[in-house]
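Okay, got some structures for you below.
Next come two complexes built around chain A: one with chain B, the other with chain C.
Let's look at the complex of A and B:
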């Protein structure tokens, strides 16, 4: 289904590329699937989260679904016997989700969920999910993942996390920077690091256990590796000049990074266990923003060796260099989907800096945003959504766009400017 | 349009230099000769004689008072070339540093917010190094200069548009020891 979906989006790009609304689902050749997530019934419980609403919002934000507005629902069935499929069919739904939450042993709660094919009047999936009353959001995201997977064939990415940096100017020249982590929908933010000096370039290890990031807390830029479970962290080998852009190899054993110790910014690979440093680029231009291909055999990076930044790929065993971007005068900060097929980047044209995606098989480039100060694209592990940083009303905010450009949303605003999102891999 | 931006930039630079720890009670006035690209070859005369170029306030030891020099140097978009309007003051800093081997400075390079952050880190470094090279050519020892880039992370002006961006594309020269 995925290949069909992707070729469908290529057909739709010309029509939808310039739309710029907050949450917008446009009709097209491949219309999003209408689904109704009915409010769950809670017996003997006062819940602090609306599970059905979280599921509904997750599915809508993915771009694959068009959730029914709760105010349009004529009833709220919570068992199969209470469902009159004809009513839900007539109101335009292909699928529906119902559920019941009840207390479980050890002070936990149990959510019994059912997914129905409205047209065939048949149950597609059901499960009883147990969770704590204070992590109902995790229960909801789990349900979203299951519904998403059953209906699209793709793995859901709703139980993932994002990290990002916030910056607040207290007085001119005096800032507070924070590295924060939140759920993929922006809920439950918590601070991982707070500093008076800049923090940037957070990067998740592929197993989701560690973050690498750049911090100026020692008054010079340095790369740190932090273990999320324990909070323990280590500063990696630091050199004179720039230390930046850490990127984890897929097996987690190495970091690609940028150092300018040899005269100008170059890409190096640091083997974490041994401290061995391999230099990967040798050019007097700026070489920066490395990212690994999923097979670990090549590194993509930004270089202005041709004048202005473009994205190149270096095959590590052969050291063969290939330029990837030819459209437009400025292309930088490339990130690949997990299958290595699509490259998202920051692309400059006459109207500013946009998020674009290039199909590396056909080299077709599609510009996904019309805002002009976009940066830091990061892709959900299932390739469905690109989250990025942009400016809205003069303030730095995070936004998301589906890879086909149909669905867009803005993340809830925090205090100060938000930037540098990094989407986690699938987490256990 | 460009000239008025330069005026604003110069005014800002002078104010920043004033606020940034200038301890001398001398008056500051804009050094008009350094605008519009007319770099005087004999800038040392300017400071030694207190002439019509308007920079006053010499230190008690008779040497030029670096506290009155510009300490913020601006750059054009996507460029790291030292601009003509930076030359006179940089030469003066160089002269001071060359004659005071125990003095040292930190050059902090910056970029405006457009484009990607790590690339802008590299641009900020390029600018700081361009200033460093200029100073080296004018007799300053490498041991006296430290460079660092903050990329787009520490703007002086929040907000978008050429007015803000031009003020953020800069290298700040800070004395670590005099």
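Let's look at the complex of A and C:
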């Protein structure tokens, strides 16, 4: 009996003695996640857009995913029954997207899309999206947003818009400037404003309904606010001297701007409702290119008060000034990610002007681009991509780089030089 | 029965006699009888010497018995006293009877005499007077003679008693001799002689008996001593035997104990050796298992690291823990994020890294028990290092 108890006890001890093996993985491959977006099956429809391709490009451009080349696909399944996960796993994909497009009532189309986890062989997400033949790109971007969010946890920014300025030289000395708005992938550009005088510094209001920009159309720079839905615009500031670099406060009630009405460029805050102007910088140096911190409590701006352009932070309630950049001789045009952690800027080194990002937590600065004339960085609302203007073949183009610098891309060529991009917030 | 109990009857008898005497006194004074010679009564006790001898012998025999002698002697004393009293009472009774008869006869004679007196009163009155004087004289001489005889007898009795007095004899013999002095004084000498001889014989017998007894006692003592010696010897032999047996048993037990100790020591040594061997093997096995586990851990980390695609959202300091359960073949049973990093993409990348391995083939080469105990469930902590941010 005693032995039995001892045996039972030892067995219990053996059971309880079973321990999990604990291992720690710290290294990995820093690469995008492989995904296959299988061409959607379209029955009885001649579509003018390839939804699957748009989705694939969106995901690839985000820097988070590496879409599979269609030519390498072993098949094009459009339903779950047709999917052989082993094939897709063998071909190195972690996820796959399949879909079907079919006509719906009232001349609309229905896109049924399904996202699968190839490794677990499970469906992650599926939805049927209705659209019409004219907004298939919107359908595609919506699908991209959903896939992106389902797999990364971050809200997709593919359905957002960008605005930028193009300058087309008609004749020497004669240019046509256009303020244009396009999809986030540069597709479907449309002109917001056209002028023979330069247009500068377009800025989105936080709700995405208005744009502020600087126009020289009245012979001297003036700041305008334009309603995107109606096209109505309002000149909000036109002092003598420099009027530029408008930036919307997060709540949309104020504009930060640069005025030189007092002698040298200083940063002011304009309350739109009352027209009250509040000067927040007081220095004989140049203070320019203001941008709001996401919390609306401080303003970042470029100043050469230390001799060379560097980026500073001014706390508005306390008026406490803090220099943020120290590395390099030139750091300007700062923009913050929505989480307030990363500061993108134009950084000059020996090889020229590059897009760089600084981790405000560690103050580590990383140069993301290798081109030499990069300017005007703007960040996607989900912080995944930085878009900027650069020169390619002597022509100004828009380009993008992922925040970690792993993915770089150039936007489709527009008409003329492209400059001054501004990425919209999430649109309703 | 005690002497005190006879006091009352004796007192009563005396009172009766006194009363009778008192009743007769007036009569004696009223009528003066002629002096009449009454026969003299001698009080004596008949003694049978034979029986006495027998009795003495018996008493001697009884005296030999220490405890009974005294009792019997007391009894005999008591019986003698009783007999004496009875004889005294009988004598008294006979005296009374004789007295009564005498009275009756006197009355009858008186009557007759009265008649004769009436008839011959005058005639013989003178004659009677002369006769009476003559008788009186005769009676006086007789009384004198009797007195002399009595004195002689008393003297003889006293002398006899004096002889008896110094003798070392029993009270009973003394009483017998006194009685003999009373009855036959002349025979007392021979009786004393006989008693003394008898006593000497008895003393001799007693001495012999005592000697015999002593001898017997001695013999008995010797026998007892011999017996005791034998018993002692026997006892000693028994004790020696017992001791020998005890020694033998003790030695046997000692030997047995030593043997048991030796066996136990050998067993303990063997067990210790076996235990040490087992411990050594266990340590070796543990070491081997430890090495196996370490090797397998490195293998798992290597396999997963090669396949872990760290997402763009991964940041230094993030950490997710996946619980991986394996089949003995090394294939993945399940992967579960038991501690999230807070970043969906990061957690998915961790899960996928494990799933991409597909099968940890080395698991099938590991001892199933060790695998089941230590390697079946693996906690994989994903904690990126060396990232830009």
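What we mean here is this: the second predicted complex is superposed on the first by the 400 of 428 C-alpha atoms of A that agree within 3 Å, B and C clash if a C-alpha of one lies under 4 Å from a C-alpha of the other, contacts with A are read in each partner's own complex, and residues count from 1 in each chain.
Operating definition for what follows: a residue touches a chain if its C-beta (ideal position, glycine included) is under 8 Å from a C-beta of that chain, and two chains touch if they have at least 3 such contacts.
Source: prediction; values computed, not measured.
Of the two partner chains, chain C is the only one that A:359 touches; chain B does not reach it. When both complexes are overlaid on chain A, the residue A:241 reaches chain B alone and has no touch with chain C.
Of the two partner chains, neither chain B nor chain C is touched by A:45.
In the superposed model, A:306 lies in contact with neither chain B nor chain C.
Once the two complexes are overlaid on the shared chain, A:32 sits against chain C while remaining clear of chain B.
On the chain A side of its complex with chain C, the touching residues are 14, 17-34, 63-64, 94, 119-120, 151-154, 342, 359, 361-362, 364, 366, 384, 402-406.
Residues 78, 113-119, 121-123, 125-126, 147-151, 153-154, 156, 158-160 of chain B touch chain A in their complex.
Note for the complex: chain A touches chain B at residues 167, 169, 172-173, 175, 198, 200-201, 216, 220-221, 241-242, 244-245, 258, 260, 264-265, 286, 288-289, 302, 304, 308-309, 330, 332-333, 346, 348, 352-353, 373, 375-376, 391, 394, 419-420.
Across the interface of their complex, chain A is touched by residues 293, 296-297, 300-301, 304-313, 323, 343-345, 348-353, 355-356, 372-375, 377-389 of chain C.
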